[in-house]
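In the two assemblies presented below, subunit A is common to both, partnered first by subunit B and then by subunit C.
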Partner chain A sequence: MTELVWITLVLPLIGVAVLAILGMKLPPRAAGWFASLIMLAAFACAAIATAILATRPAEERQVVQVAWTWLSAGNFSVGLDLWFDELTAVMLLVITGVGFLIHVYSIGYMKDDPQSRRFMAYLNLFVFSMLVLVLSANLVLLLAGWGLVGLSSYLLIGFWHNKPKAIKAAKKAFIMNAIGDVGLALGIFLLFVDLGTVSYTGIFAEAGRLSETQASVACLLLLVGAVAKSAQLPLHTWLPDAMEGPTPISALIHAATMVTAGVYLIARMNPLFIHAPKVLDLIVIIGVVGLIMSGLIAIVQTDIKRIIAFSTMSQIAYMFVGVGLTAYWAGIFHLFTHAFFKALLFLGAGLVIHALNGEQDIRNMGGLRKQLPKIYFCMMIAAFALAGIFPFSGGFSKDAILSAGLNVDTTIGWIAYIGGLLGALLTGIYTFRLIFMVFHRRASPYAERVIPESIKHHGEGPSTMLWPVYILAIGAAFAGLLQIPGLTHVVTSWLEPIAPDGMVEATVGQDWLTTLIGTTIGLIGIGIAYHLYARESTSPELIRNGRGRLIHRALERRLYWDDLYEWSFEKPVQWASSFLNRDVDRTAFRWAPLDGLGQLTAFFGRSFAIIENGIVRMYALVLALGIAGMILFLLVRGA
Partner chain B sequence: MITVSWLIAVPAIASVLLLLLPFSQRAAGYLSLLVSLAVAGGVIGFIYRFEPLGGDQFGDNVAWITQLGIRWHVAVNGVTLAMIAITAVITCCAIGYGMWARRERSHASFALILMTEAFLIIVFSARDLVVFYVGFEGMLIPLLVLLAAWGGKGRKTAMIQVIAYTAMGTLLMLLAIAWLGFTAPGGPNFDLYGAIGRGNDWVFAAFAFALAIKSPLFPFHGWVLPAYREASPEVAAVLSGVASKAGGYAFLAVLVPLFPEQSAKYAWIFIALGAFGFLYGALLAFRQPDGRGVIAYSSIAQMSFVILGVFLLNSRGATGATFQMVNHALVSGALFLLAGWLETQAGSGSFKHLGGLARSRPVLATVALIVGMAALAVPGSSVFASEFLILLGSFEVHWWLGVIVTLGIVLGAMYMLRWISAVLHEREGDFVGTLNPPDLRRGALLCILPLALILVGLSIAPAQFTDRVDAAATTMISAAAKEAGR
Partner chain C sequence: MSVTLPFFLALSAILFSIGLVGVLLRRSPLTILLSLEVMLNSVNVTLVAFSRYVGGSDGQVFALIVMGIAAAEVVVGLGLVVAMTRRTMVLDTDELRTLNG
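== the complex of A and B ==
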């Protein structure tokens, strides 16, 4: 079984190597299929390995294998260690499975791009990095994977590198994630100093030795890494800008896999976080505030991909709430269903953008349900799943998180519950605002002009782009059935062993009550969206300039977070750098010592006029004196 | 058995022959390359035969100037091995690059580079203080001539600055060494191991001053920018890649073992300067107008960081500092050669005129990205591994020290990303548009690619490096660490 896991890890790396060396010689389509088949093989290996894992008894499902020492100094040593358990298996399946579908989709999406082979190589590189992240058995290797996914994300956001906006977004994502890396690294240092180990096994066994303060600080530092990678408050501003990258990237990296790494980290380190209850509460608060804030911002966005990006932030915030409430299974369950419906939403949006020749503003869409019925159908499934409507997948997983809050029955639990329901209302509104404005309403003049031509050329899209969407639609519709309250328990029973200290599970009654309330609220949200955005008598401009226009403007500016960072970090660093370069370094450190030296030599009566001569001569003099001294000494000694 | 003396003698003799005999351009180039490759081969042999726990190996210890008790005592331990290995690699690449760039009067240029290599290996392997001084001072001569004869427009000023700074330092170091040697019990004796613990605060200060200038450690970095900007690319690569390591190496392998008491007592000064210099250099690199400026200030930052690592006086710091020096040599060597390539092919190193070079130049883009990403220590890279060790060591000394220097990583990311996008990405620069440089090809690629490949190799298995170096590096700081109570 471990061999299969190794193969899963190595396959994408082989893909990168082959595409890097042979890339230019392969025809683009062959390169695309090659990369995709690599992913299919990796998925097959992961699936078989998971099946084998499932046949084992629960207590033997945690496999650790040490390959070689990666880095060592003194008593510090980090191995290239592999960790395979139930949680890793879920992540592995999501990464390789959704990864495969998005590789196939990319063949169609990038077919006219001369750089498509480079794109495929980067995609394989990303998958490899993500696998390192989830397969690592120690925090340092996790950090390595953490950094490598950041690198792949940077390369892919900035894939169209002659687009200055894309490069700017890529740099922003990288730097915000570097801040997260710093937090994570400091957390690792602290754990090593306190516990003398960085391996999961070691940390989990020794975590009890930490005082609550020590555990809290360590968890807080890990959390800095988690919020940066998962685009949560307050390090979230890079994600909407990351939408400058190609759409398959938004689906794979910025929705289904990489951005959920923060959730994975918290769930993975749960034996440590359990010793820091205040940090767990903080995670819930971050989640609740984040899901409401990004839900609100999503309502006013006009770029189709940015709406979905804010929705991703909001949904990951739900996952944070789940893991923060120690309902790890619910957080991971939502991660799992979200991977389907959010990837589906992005890929669907990609098809819409494709059909509209690259237009992304939803105000220039409208009425597309007639021309793009298949896409419309799939997008509707994704929208219902996102809005958490029973019995679509997102409904089950989101309600699982909320009912955990009900079950906990503390202040934090109630904050989570009520905040989560409010979020469900917002989700209904922004999701169906998108649906109504893109597919319903009257077609915009632009859409009317472009669509018939585009349909004539390639229908709703090439089959490489449509098939992944269909498969994801099946997942988005039915993945929730794995865990029907009171009926099926696949998720809870599978993930139970990853939390040795237990996890929160709501009662069947609480679950069904939440499902009832959640679905009702979601439907109310859809109703509001219909009222505001579906009818021809209202228009986005009217709402924008209506009674809440000040709030509307503030939300359009994303509540000024970007401005905050620009003025508190970006600009000060630039000013400081310019100031030091212009006024300090040149005068104080480059010329002042020389002037001083020049005056010193002048003092000794040597050529006053030109400093330069003074120095050269002094140098010669010193050398000469040194040699003369030596010779003198030799002569004296020798005599 | 080949000893390290051979690795000194071969390039030294070759350099003299190249200077004296009338070789043609071509013959001089190939001969120099062959000699530098031979040295590299010798180093590979050392790596293969090296015993990590064996202490000094492959050495010679013979009387040299008996009246003064000066002995030709050279040897190789783990840290030395690391240093001569990068010296050999960077020299090969520098000579290769010089051939590609068709340096005029190339036989003299290559002779001087080989002479520098010989002196550098002397510095790294010397176990006698006078031998060390000969190497330390001697390497300046070929480097200054290289700067003076093949440098850019501002080379005169650059030279004066280099001479002024380094002369100040080495004068003091000479006095310090003389003091140590002549106060030895039982007549003059300059043996490195014999001088341990005999110095006082003043001797320590004089020594440290010279090394701080060479490295350079903030605030003694004034000579760096002009020198790195005016030297020809291959000389800049040697200067920043390996010549600067003479300072960092000597801190770890000479100063700290010689003065354990003083090193422990004054460690905080070096830690403070190192940490400050790390952030200061990074901050200055961020707004430089050209590639060489970015590399120069990032070198200041990196070397300050190395010295911080040395004076942490723990195993993480010492091993990390050695590793960081190797990584930095590879990174800055590659970056300077790339800068040189840009200056010849795209006509400028200034960001104003560059940009958009990734377009239809896949090889250049890949190599520059690998080097750039290593330079900003992306987690998983070998630079990350070495920085991680130093940062962990800092954290073990004081948690707040760890926090401060770890934040420097963000600044590092900022200036390297700026370099990458200003060269490779965004809109095509005006010079790029008019000159339309080709992709990185054969000659130049062969000089830069090995450096990138070694970086990749070290990223895959950094323990291959640290395992060989850890014992030696830890021994060097152990006495001082005991003094400091670590």
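== the complex of A and C ==
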């Protein structure tokens, strides 16, 4: 079984190597299929490994394999160790499975891009990095994977490097993530100082030795990393900008896998976080505030991908609430279903953008349900799942998180519950605003002009793009059936062993009550969206100019987070450097004593430059004479 | 009269001096490289001679390493000479002095 896990890990790396070396010799389509088949093989290995894991008794499902010691100094040693257990298995399946579908989709999406092979190589690199992240058995290797996914995310956001906005977004994502990396690294240092180990086994065994303060500080630092990677408050501003990258990237990295790494980290380190209850509460608060805030912002955005990006942020906030309430299984369950429906939503959006020749503004869409019926159908499934409507996957997982809040029955639990339900209302509104604006309404003049031509040209899209969408749609519709309250309990029983200190699990009654309330609220949200956006009479302009104008403006500016960072970090640095340039460098350093110092240095430089006459024979002579002199000196001195 | 250590050392010193004079006096890069080889091999003679004198084989191993490195150095040097010829530059080290200070 461990061999299979190793193969899963190494396959994408082979893909990168082959594409990097042979890339330009392969035809683009072959390169795409090669990368995709690599992913299919990796998925098969992961699936078989998971199946083998499932046949084992629950106590033996944690497999740690030490390959070799990577670096060691004193009692500090880091190995290239793999850790394979139930949580890793879920992550592996999501990464390779959704990864494979998105690879196939990319073949169609990047068909006309001359650099599609580079794209495929980066995609494989990303998958490898992500696998390192989830498979590592110690925090240092996790940090390596953490940094690598940051790098591949940077490369892929900035894939179109002749687009200044994309480069800016890539840099922004990298810098924001670097803040998180620093936090994570400091957390690891602290854990090593306190516990003397960085391996999971060691930390979990020793975590009880920590005082609450020690544990809290360490968890807080790990949380900085998680917050940056998962685009949560207050380090979230990079995610909407990251939508400048190609759409498959948004689906794979900025929805299904990488941004959920923060949730994974918290769930993975749960034996540590359990000793820091205040940090867990903080996670819930970050989640609740984040999900409401991003839900509100999503309602006014006009770029189809930005809307989905904010929705991603809000859904990850739900996952944070789940793991913060110690209902790790619910958080991971939502991660799992979210990977399906959010990737589906992004890929569907990609198809719509494709059909509209690159248009991303939803105001220029409308009425597409007749021309793009298949995409419409799949997007509807994704939208119902996202809005948390009952039999769709998102409903089960979101309600699992909320009912955990009900079950905890503390102030924090109630905040999570009420906040989460409010978020569900917002989710219904923004999701179906998107659906109604894109697929219903009367078609915009632009859509009317472009669509018939593009349908005639390539139908709803090439089959490499449509099939992944269909498969994801099946997942988005039915993945929730794994955990029907009171009926099936695949997720809870599978993930039970990852939390030695137990997890919160709502009762069947609480579950169904939440499902009822959640679905009702979601439907109300859809109703509001229908009322506001589906008909011709109320155009969004009306809202923009109505009483809520100021709020609308604030939401459009994403509640001024970007401006805050610009004015508190970017501008001061610019001011300081222009001050240093204009007032210090150009005036103070022209002051005679300071300037004289420079002149003196230059004088010495010029004097010694005479020796460097450029004649090689002269250098050789000086060298020979010098050595001869040294030998003579030693002889005379009689050494 | 058997050939003893001082003979080898004297030979080595003579070879080294010849090589050094060659490096210092000639201006063609090819000849300089040749002279350098002579210098390197004079050192090899010393290494092997001492190795025999002491009775170990360390010195011979060093001599082999020196040969390997000399080969690598000649590759670079001759590569430069070829490149210079291709760019129709003068093969005269005194003329090639663009790196002066």
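One rule holds for everything that comes next: the second predicted complex is superposed on the first by the 572 of 639 C-alpha atoms of A that agree within 3 Å, B and C clash if a C-alpha of one lies under 4 Å from a C-alpha of the other, contacts with A are read in each partner's own complex, and residues count from 1 in each chain.
One rule holds in what follows: a contact is a pair of C-beta atoms (placed from the backbone, for glycine too) under 8 Å apart; a residue touches a chain by one contact, two chains touch by 3 or more.
Worth saying up front: this structure is predicted, and the values here are computed from it rather than measured.
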Most subunit A residues touched (candidates subunit B, subunit C): B
First (subunit B), second (subunit C), both or neither touched by A:P271: neither
Partner chain(s) touched by A:G99 [first = subunit B, second = subunit C, both, neither]: neither
Which of subunit B and subunit C A:S578 touches, first, second, both or neither: first
Which superposed partner A:G150 touches (first subunit B, second subunit C, both, neither): first
Touched partner set for A:G324, first subunit B, second subunit C, both or neither: neither
Subunit B versus subunit C as contact partner of A:G394, first or second or both or neither: neither
First (subunit B), second (subunit C), both or neither touched by A:G367: neither
On subunit A, the residue positions that both subunit B and subunit C contact, one per complex: 612, 615-616
Residues of subunit A defined as touching subunit C within the complex: 608-617, 620-621, 624
Contacting residues of subunit C [partner subunit A, same complex]: 20, 23-25, 27, 32, 93-94, 96-101
Contact set on subunit B toward subunit A in their complex: 65, 67-68, 156, 160-161, 163-165, 167-168, 171, 174, 178, 219, 221-222, 225-226, 280, 283-284, 286-288, 314-316, 319-320, 356, 358-359, 362, 366, 369, 373, 378-381, 384-385, 388-389, 391-392, 395-396, 399, 402-403, 406-407, 409-411, 413-414, 417-418, 421, 424-428, 461-463, 466-467, 470, 474
Residue numbers on subunit A that touch subunit B, as the complex places them: 20, 23-24, 68-76, 118, 129, 132, 140, 143-148, 150-151, 155, 158, 161-162, 164, 167, 171, 174-175, 178-179, 181-182, 185-186, 188-190, 192-193, 573-574, 576-578, 580-581, 585, 588-591, 593-594, 597, 612, 615-616, 618-619, 622, 626, 629-630, 633-634, 637-638
